[in-house]
Amino acid sequence: MGTNRLEAFSDGMMAIFITIMVLEFKVPEGSSAKDLLPLVPKVMSYVLSFIYVGIYWNNHHHLFHTVKEVSGAILWTNLHFLFWLSLIPFTTAWMGENHFTPLPTALYGLVLLMCAVAWGVMQWAIIRKQGANSLLKKAIGRDLKGNISAVLYVVAIASAFRMPVLSAGIYAVVAMIWLVPDRRFERVLKESGKAE
Amino acid sequence: MGTNRLEAFSDGMMAIFITIMVLEFKVPEGSSAKDLLPLVPKVMSYVLSFIYVGIYWNNHHHLFHTVKEVSGAILWTNLHFLFWLSLIPFTTAWMGENHFTPLPTALYGLVLLMCAVAWGVMQWAIIRKQGANSLLKKAIGRDLKGNISAVLYVVAIASAFRMPVLSAGIYAVVAMIWLVPDRRFERVLKESGKAE
Amino acid sequence: MGTNRLEAFSDGMMAIFITIMVLEFKVPEGSSAKDLLPLVPKVMSYVLSFIYVGIYWNNHHHLFHTVKEVSGAILWTNLHFLFWLSLIPFTTAWMGENHFTPLPTALYGLVLLMCAVAWGVMQWAIIRKQGANSLLKKAIGRDLKGNISAVLYVVAIASAFRMPVLSAGIYAVVAMIWLVPDRRFERVLKESGKAE
Amino acid sequence: MGTNRLEAFSDGMMAIFITIMVLEFKVPEGSSAKDLLPLVPKVMSYVLSFIYVGIYWNNHHHLFHTVKEVSGAILWTNLHFLFWLSLIPFTTAWMGENHFTPLPTALYGLVLLMCAVAWGVMQWAIIRKQGANSLLKKAIGRDLKGNISAVLYVVAIASAFRMPVLSAGIYAVVAMIWLVPDRRFERVLKESGKAE
């Protein structure tokens, strides 16, 4: 079994997650600038979540470039990852609606953490399927970025109850880490000569 | 006619069914833990339905691996199956909103039963098109899993009016039955040498 | 330019139109049978519209089997068709919400009529692009089904102001006409030896 | 890396943007003609936005015909473009809800302007990747249409605070400019002999 349908289904879901967040911008009844003000924190959390889903889509794209054949475990770990990602629109709206108060900010981080964990589980399923010469294993190495992100999420969740602004800052920093171009996949794919 | 467009259309619909369910999580106005509490039964029914749609997507994937050419009957029995699946977000929300009371729990089971029946009809249309040496027929055999599921759904619907908790338990058990990896398709496809 | 992206985009939109209609089933607050009753006319109009969108998806599938190359006119007449189709969730909800009263029932028919007209315009753009030996022209001939449907829609719109029930019946009859398998495309495609 | 997944993801998002706008047509409670009246400005702004998203989908289709290989910069400038496009359903609803009052009309134009800017950035990323003999560079030349549109958007945003009707007219004019068939891509692609 190839990866076509898995990729198309995941793309569809990620596209919908992004657009569902836009639905949370309730259209204000008035048409003055002050009617727009309450939307500012919502737009900020939308921008953050858009970037996160964008990063995941990008990484998903790269990840499945190393995969030629799909197993049952890969299908289900991918669905498990999408489950956690599907909660992002809710946590985004709750955090935005409540202007970065403690609990919503912590929950936002918890869902990000679970997405990262689910991503790790999916990587593990792919590596296991690929066996000893796993392309993916070569590409991610010790997965420093993944591990640092997880630690930062935990710090942010803990700090949310004292300083939610700091947590929001940490979420932004983690996004930055991933936005920096990641050459690992391109290098390894080039070496192995796998073209799409 | 190939199966590409049918698969893409079905994938799109299944991806949307899942995400529509998330829209039912109304964002609470407050930001304390007790504001989240009413969401617990909704999340529970979402998890259950996510797994069901995931299983169907997975099985759809396997099913159409045995199909090379699509007929009008296959197109329409597939749409008929998607119709029943499209009602899952509604029954999920109703059951979650009402904390597993009798009628919503029974209706949830009825829609699952109709999905299973519609799936059986679609299998029949595929087998009929494939003729005497139907790959699918070999793969499903007497379709024990499908038949047991249907019986369990009927039991759960009946028990919903006395013990809706038992019904919810039965729905979870049926999901477990299907989550266990199904080797039938892989075996038969391998034997017939059909690669994607 | 091939037809891949046009087909995928149209499939995505049609899948969303169907699922948007489900969002209109407001989840009842109570959990008794009488809480479900107000949903009956909504479900009825949903079933009707599901069948209509299903028929159009099916026909779109067949139509673009005759098309090898896409022109600007085909792209835009397809978008124009999707515009009218995009109004179906609204007219479906309005008709269902108001239990088949005159104006909503007439508007429902008007949008169906415009979809049919837009479909005809798209067929014309395809035939014009295909030139003298147009496969599509051979397949549809005088397009009896399309013309009869348009006449029936006009009758139904007119009758909606006196007997909306009759209009609803006519919409169902037109759907039946299209559900009957259409051999025209299969025959012509077979003759021309075009395989997917 | 090919352009398949990028195109499919973008198509999915654009299809959803269009359909989200339809969700803003709140179904009226009554069923008389005067219940429909408040929808008229909403439908007008929907038609305008449908045409804009349609134009962008069309141009996206053409643009990526010149692209054979995707870089990280192309992936991210495309996501950046989709971000601005994702705000169109909100500005459309706000402008329609408020009957073309100054601020909503100006914001509508601002988002259109940002879409155009993001589009320009994406073109620049593609041209940079394609190098000296960039097909895209040949196709767009000095990009007169893109530059005129940007100027017109700025004029429309400024005029919104005095004469929002004029702004709406300018938005319609810009759409017209793009609806006129654009032969640049077809010509350049033909010359370079690139077939899909």
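Each chain carries a letter (A, B, C and D) given by its place in the written order, and its residues are counted from 1.
FYI, a residue touches a chain if its C-beta (ideal position, glycine included) is under 8 Å from a C-beta of that chain, and two chains touch if they have at least 3 such contacts.
Owing to the predicted nature of the structure, the values given are computational and were not obtained by experimental measurement.
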Any idea what the CA-fit rotation angle from chain B to chain C is, to the nearest 5 degrees?
90
Same-site or different-site touching of chain C by its copy chain D, using the half cut
different
So, in whole Å, the Cα centroid of chain A is separated from that of chain B by 26
Hey, how far is the Cα centre of chain B from the one of chain D, in Å?
37
Two-or-more-chain contact residues of chain A, please, as numbers and ranges.
8, 12, 16, 23
Hey, how would you classify the chain contact layout here, line, ring, star, complete or other?
ring
Every touching pair of chains is listed here as A-B, A-D, B-C, C-D
Provide the residue numbers of chain B that touch chain A in the complex, in ascending order.
7-8, 11-12, 14-16, 18-19, 22-23, 25, 27-33, 36, 47, 50, 54, 57-58, 61, 65, 179, 181-182, 196
How about chain D: which of its residues touch chain A in the complex?
1-2, 4-6, 8-9, 12-13, 16-17, 20, 23-24, 72, 75-76, 79, 82-83, 86-87, 89-90, 93-94, 97-98, 101-104, 107
